[in-house]
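Worksheet: one structure, shown below.
Per-chain numbering from 1; labels A, B, C, D, E and F assigned in written order.
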Amino acid sequence: MKSVAVRNIRRAGLEIVDGLAILGVATVHEAQERTGLLASYMRPIYPGASVAGSAITVLVPPGDNWMLHVAVELCTSGDVLVVGVTSPCTDGYFGELLATSLAARGVRGLVIDAGCRDVRALAQMPFPVWSRAVSAQGTVKETLGAVNVGVVCAGQVVEPGDVVVADDDGVVVVRREDAVRVLAMARAREEKEAKARARLQNGELGLDIYDMRSRLASKGLKYLDE
Amino acid sequence: MKSVAVRNIRRAGLEIVDGLAILGVATVHEAQERTGLLASYMRPIYPGASVAGSAITVLVPPGDNWMLHVAVELCTSGDVLVVGVTSPCTDGYFGELLATSLAARGVRGLVIDAGCRDVRALAQMPFPVWSRAVSAQGTVKETLGAVNVGVVCAGQVVEPGDVVVADDDGVVVVRREDAVRVLAMARAREEKEAKARARLQNGELGLDIYDMRSRLASKGLKYLDE
Amino acid sequence: MKSVAVRNIRRAGLEIVDGLAILGVATVHEAQERTGLLASYMRPIYPGASVAGSAITVLVPPGDNWMLHVAVELCTSGDVLVVGVTSPCTDGYFGELLATSLAARGVRGLVIDAGCRDVRALAQMPFPVWSRAVSAQGTVKETLGAVNVGVVCAGQVVEPGDVVVADDDGVVVVRREDAVRVLAMARAREEKEAKARARLQNGELGLDIYDMRSRLASKGLKYLDE
Amino acid sequence: MKSVAVRNIRRAGLEIVDGLAILGVATVHEAQERTGLLASYMRPIYPGASVAGSAITVLVPPGDNWMLHVAVELCTSGDVLVVGVTSPCTDGYFGELLATSLAARGVRGLVIDAGCRDVRALAQMPFPVWSRAVSAQGTVKETLGAVNVGVVCAGQVVEPGDVVVADDDGVVVVRREDAVRVLAMARAREEKEAKARARLQNGELGLDIYDMRSRLASKGLKYLDE
Amino acid sequence: MKSVAVRNIRRAGLEIVDGLAILGVATVHEAQERTGLLASYMRPIYPGASVAGSAITVLVPPGDNWMLHVAVELCTSGDVLVVGVTSPCTDGYFGELLATSLAARGVRGLVIDAGCRDVRALAQMPFPVWSRAVSAQGTVKETLGAVNVGVVCAGQVVEPGDVVVADDDGVVVVRREDAVRVLAMARAREEKEAKARARLQNGELGLDIYDMRSRLASKGLKYLDE
Amino acid sequence: MKSVAVRNIRRAGLEIVDGLAILGVATVHEAQERTGLLASYMRPIYPGASVAGSAITVLVPPGDNWMLHVAVELCTSGDVLVVGVTSPCTDGYFGELLATSLAARGVRGLVIDAGCRDVRALAQMPFPVWSRAVSAQGTVKETLGAVNVGVVCAGQVVEPGDVVVADDDGVVVVRREDAVRVLAMARAREEKEAKARARLQNGELGLDIYDMRSRLASKGLKYLDE
């Protein structure tokens, strides 16, 4: 592993990041043709949180959270910390103290392919975390990793500066260079969905709105009366 | 797979269905001799929901939610949609738009042996869902399945028109033809439990209420003082 | 299995137990050198609960909760019931009635390496439970087990009278004879953390507070500018 | 649960059953339009076994194998025992003695949605078993179940007399009334595959044999040179 | 964790250990009333191995195999190494070199609640291992653990000098002080089973040999003809 | 997803690839500082296979193996097919016919983060596969993916032309540009291990060979006599 910490990364504009946050994971994921979704074992530690931020990426060894302290200094307002591990681990790498430090810098949340602890305190702050486990098991500070290199987190590559969107549906990563385009497509999708929602609320059927009946019939669907 | 959609199914009376909803999963499951419980990986997407309804059953291929749109039209007030898959899948078959459409028809909830998304919006509506996963991964509309045929959902056979009861303890299915009898037995059980609850609150012991001491002794239980 | 129920066990002082409850799982686990943590699959059935108590231990066969009734009588105010199984099982051993009985005796919660049911009612009481599963599947009363013998629960040995601390981070067991010492160490740790928290809130970095920079450099960390 | 044991069931002809055995799970599954496959957690206890037989179905409570003894008497040469459980369990319901008894009656194997033990002895007999677990944990004989009623085994309904095919790829169930038709379709598929295999061995490409190139292009596939 | 290595432990006589090896896991587990079975996720890395030995116990941190080297020196002919971890880990703690060293001392196998690697070389030696995972991920030598203290391995307490029996069915631990008695009971069981096996081979039914018919009838089993 | 198939990729020299095959996964993984190991759920479908090859990478949708046919044409002798999925899936993407086609082109094996079928036929060919599941569930040919783009497979990024090494310990990926250097380091490690192996066979202890005693003492290890 390259033991490096990259100081200056390029980020998407905050207005782009904030736009993506409002749209949420499912819409953004659809808008970029269903790519970039982290594995569904990544769950929020409390319901209702919804954020987007520029990824500060961290690569850590199993059971060792030293590089998280290195990463804090490289974060700025509007960032999200994204942590991958070099070997699977559910230990609690992250708790209230690191969250306090990140919050003081304006960091919006943590996405970690490992465990987290102090979840009640984090919910009270609030500081949102998406993790694969909750565990009080602490970690050591013995072995280096890297900050702001490409990492694999829950099955997806995340590059530093990519935009990470996270809510109750999970986590999706948007390439920094695609963020403007994805935002536009996601907004277009959202508008289209708003119209469909209104019609569905009025009792119209998706079968009619999306004109599915003839295609269903041609594929061979038969309606029966019992 | 038979690509059919059965239009008219027989349902239990709504007063029976509503009676079962009040009693809840654990009591109903006991009342029908501990049969019909779906696998415990079926979890509500938010706590506190409690429903019962007549099952509109849907059989879907992995990653394809087309038949859910077909099913919507066949639902009526008081129904619950029950979805089985032909091969295991955690994709998000169901989200806010389908929920809007079902809610407009008076459908009470969804039980799906796959994934669901838009969970925050669903919690706000509220539209309750019991699923094996939460995932923003969308599905396609390419391959037919079936509506209102018998399906296996989370290890249990569900026939169209069966009564499905779901709450924070999970999901149980009651055969339509057994629903009246099960309701009566569940109510009897509930009354009996109410009496036991009162005695236990007063500090009486289950050992005495259920007369367990002599049977424990005859089986060989020894009390020791350390 | 020895079918015994031990009546009189030694407990830690209640002021010690209560002191540990306030500090919480993560701090207590650290204070005793990261020992005693139950497996992270042990999750609270609702968020926000936080208790400590003296362990009344129960060893049960798969699918049989008879010994829980025996255990109730041996509990007193300030206890926590800790249940191990002789073979893995996710059935719902415990529900509202047993909780009512335990609450009437001042018991503070349940830790069970199996399933639990009636979770909505338990949340309303409230009676906190940490379990490996939620399942409405009931159990029988056919086979003996033991009360107040050493059990393995979620990977940890728990002896009767040990102090069990449980919150949203999980469950940790403190040996009865170590409880005073662990409480003192946990309090010391808490004070130290309070100071660090204040400095981190002010924007100081862990890198500086914990004097990590030179050690990172000597291990070979390189800072790069992209 | 209905505590019944049905004595006389209808079976498919042995020549049909044996024909399906030769074709194997993957081919049979395809031939019946990808239905009837048991969950992939059902694994053979040793490699290389390949059988088909008429299903004698058994429904058992968790941790109780009593009904397997009842089932033995109802088996005849060419049968396969198929066991579903009323609640999930990995205990070792089945071992060398039951296998000896079944082998003496000409039974060809066991498919059990639970655990099995004595696997070395079973491999030496040989008596093939497909199970979800290997576990030495024994079971009791306290509670009734049923023999030759419809059961759910690893996510599929199996009716008594259905044909079960099992090999290293898993287990598939064929409805008794479909067995003749499925056999014919599976044989046709096998012949078609034999021809494709010969062409592929000669280096022809599936792209050409199955005429995929134009459809790939029309869907938008682009070939690039790096 | 106490960082100690206990040099001299008491062992059961080798003739007792060897007697238990012949009988195997399932029989020994039954003979001691179904206690002491390790979790069924503990699987042999190759089929057919069958050993028993006196436990040299090792407690290791996640991802750190240093104490295994300490343990080697404390082993003697007829021992089995039993390794518990202080936090869950699937890393490959053990490979060909440690196996070579243990084999040179007459150690009979390894039981590890973590990962193992070099499995092909181990199969060729052969040196049997029961583990929860196979993983090439190496470990470090930074943090102490303990040798020959009581450990929890796959859900069971193992004390140094306990007899560990392992075969294709899994792993069972016999308390050293119970080993003579358990051996006698296991042999008695084996003899009884041999007689039953002979009768079952001749086509007699368990229903008759174990005299189950009247008890089944009194519990309410009904035989039906379809 | 970019629907592209890249025709010409750069590969490491075959003598490098073959050198890595001989050394095996564990040694190669160590030699590149413990990077590049795929998740341990990737298991060989039969024991004893050991290969290395240049990666032809394929990205596929869930339940759709169309791109595998596209990939075959782009393979040459000495390659290994590496398949990542855009959403988790255990279906059987690959069987005997595709293996026949790949074998005819000199391809050495398949690494697939999904399911595989026809495992008995594959073992007889033999054609080695490392997969996360065995499943007879077939796939469709409806949706495009990509060939020879970077993919994530079982938690690791694999680029086309990277060297993939696979044996009973799992799978490791070596960057093409690092292959020469890693081979040299792996050989050096192998030689060092050969010397250690000889000394360990003679009964020398790792404690002495690696000079661990003083470091253990300084860390605080105490030897006790029971």
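Just so it is clear, a contact is a pair of C-beta atoms (placed from the backbone, for glycine too) under 8 Å apart; a residue touches a chain by one contact, two chains touch by 3 or more.
In this text, all values refer to a predicted model and were calculated from it rather than measured experimentally.
Visitor: Considering only chains that satisfy the touch condition with chain B, which of them also satisfy it with chain C?
Guide: A chain counts here if it touches both chain B and chain C, which gives A, D.
Visitor: Higher C-beta contact count, A-E or D-F?
Guide: D-F
Visitor: Cα centroid separation between chain B and chain E, in whole Å?
Guide: That gives a centre separation of 41 Å.
Visitor: Taking each chain's centre as the mean position of its Cα atoms, how many Å separate chain E from chain F?
Guide: Using C-alpha averages as centres, the distance is 31 Å.
Visitor: For chain B and chain F, let me know how many angstrom lie between their CA-based centres, rounded off.
Guide: 43
Visitor: Going by the contact rule already set, what residues in chain F reach two or more other chains?
Guide: Touching at least two other chains: 34, 37, 40, 87-88, 90, 135, 137, 143.
Visitor: Treating touching as the only link between chains, describe the layout with one word: line, ring, star, complete or other.
Guide: Topology of touching chains reads as other, fitting no named class.
Visitor: For this structure, enumerate the chain pairs that meet the touch criterion.
Guide: Touch list across chains, by label: A-B, A-C, A-E, A-F, B-C, B-D, B-F, C-D, C-E, D-E, D-F, E-F.
Visitor: Help me check something: in the complex, which residues belonging to chain D touch chain C?
Guide: 61-63, 87-91, 137, 140, 142-143
Visitor: Flag every residue of chain D that touches chain B in the complex, lowest number first.
Guide: For this pair, the touching residues of chain D are 1, 33-35, 37, 39-40, 86-88, 150, 152, 155-157.
Visitor: Along chain C, where are the residues that touch chain A in the complex?
Guide: My answer: residues 24-26, 29-30, 34, 37, 40, 43, 47-48, 50, 167-170, 172, 193, 196-197, 200-203, 205-207, 210, 212, 216, 219-226.
Visitor: Which residues of chain B touch chain A in the complex?
Guide: 3-10, 46, 66, 69-70, 72-73, 90, 92, 95-98, 100-101, 104-105, 115, 117-120, 123, 133-138, 141, 143-144, 148
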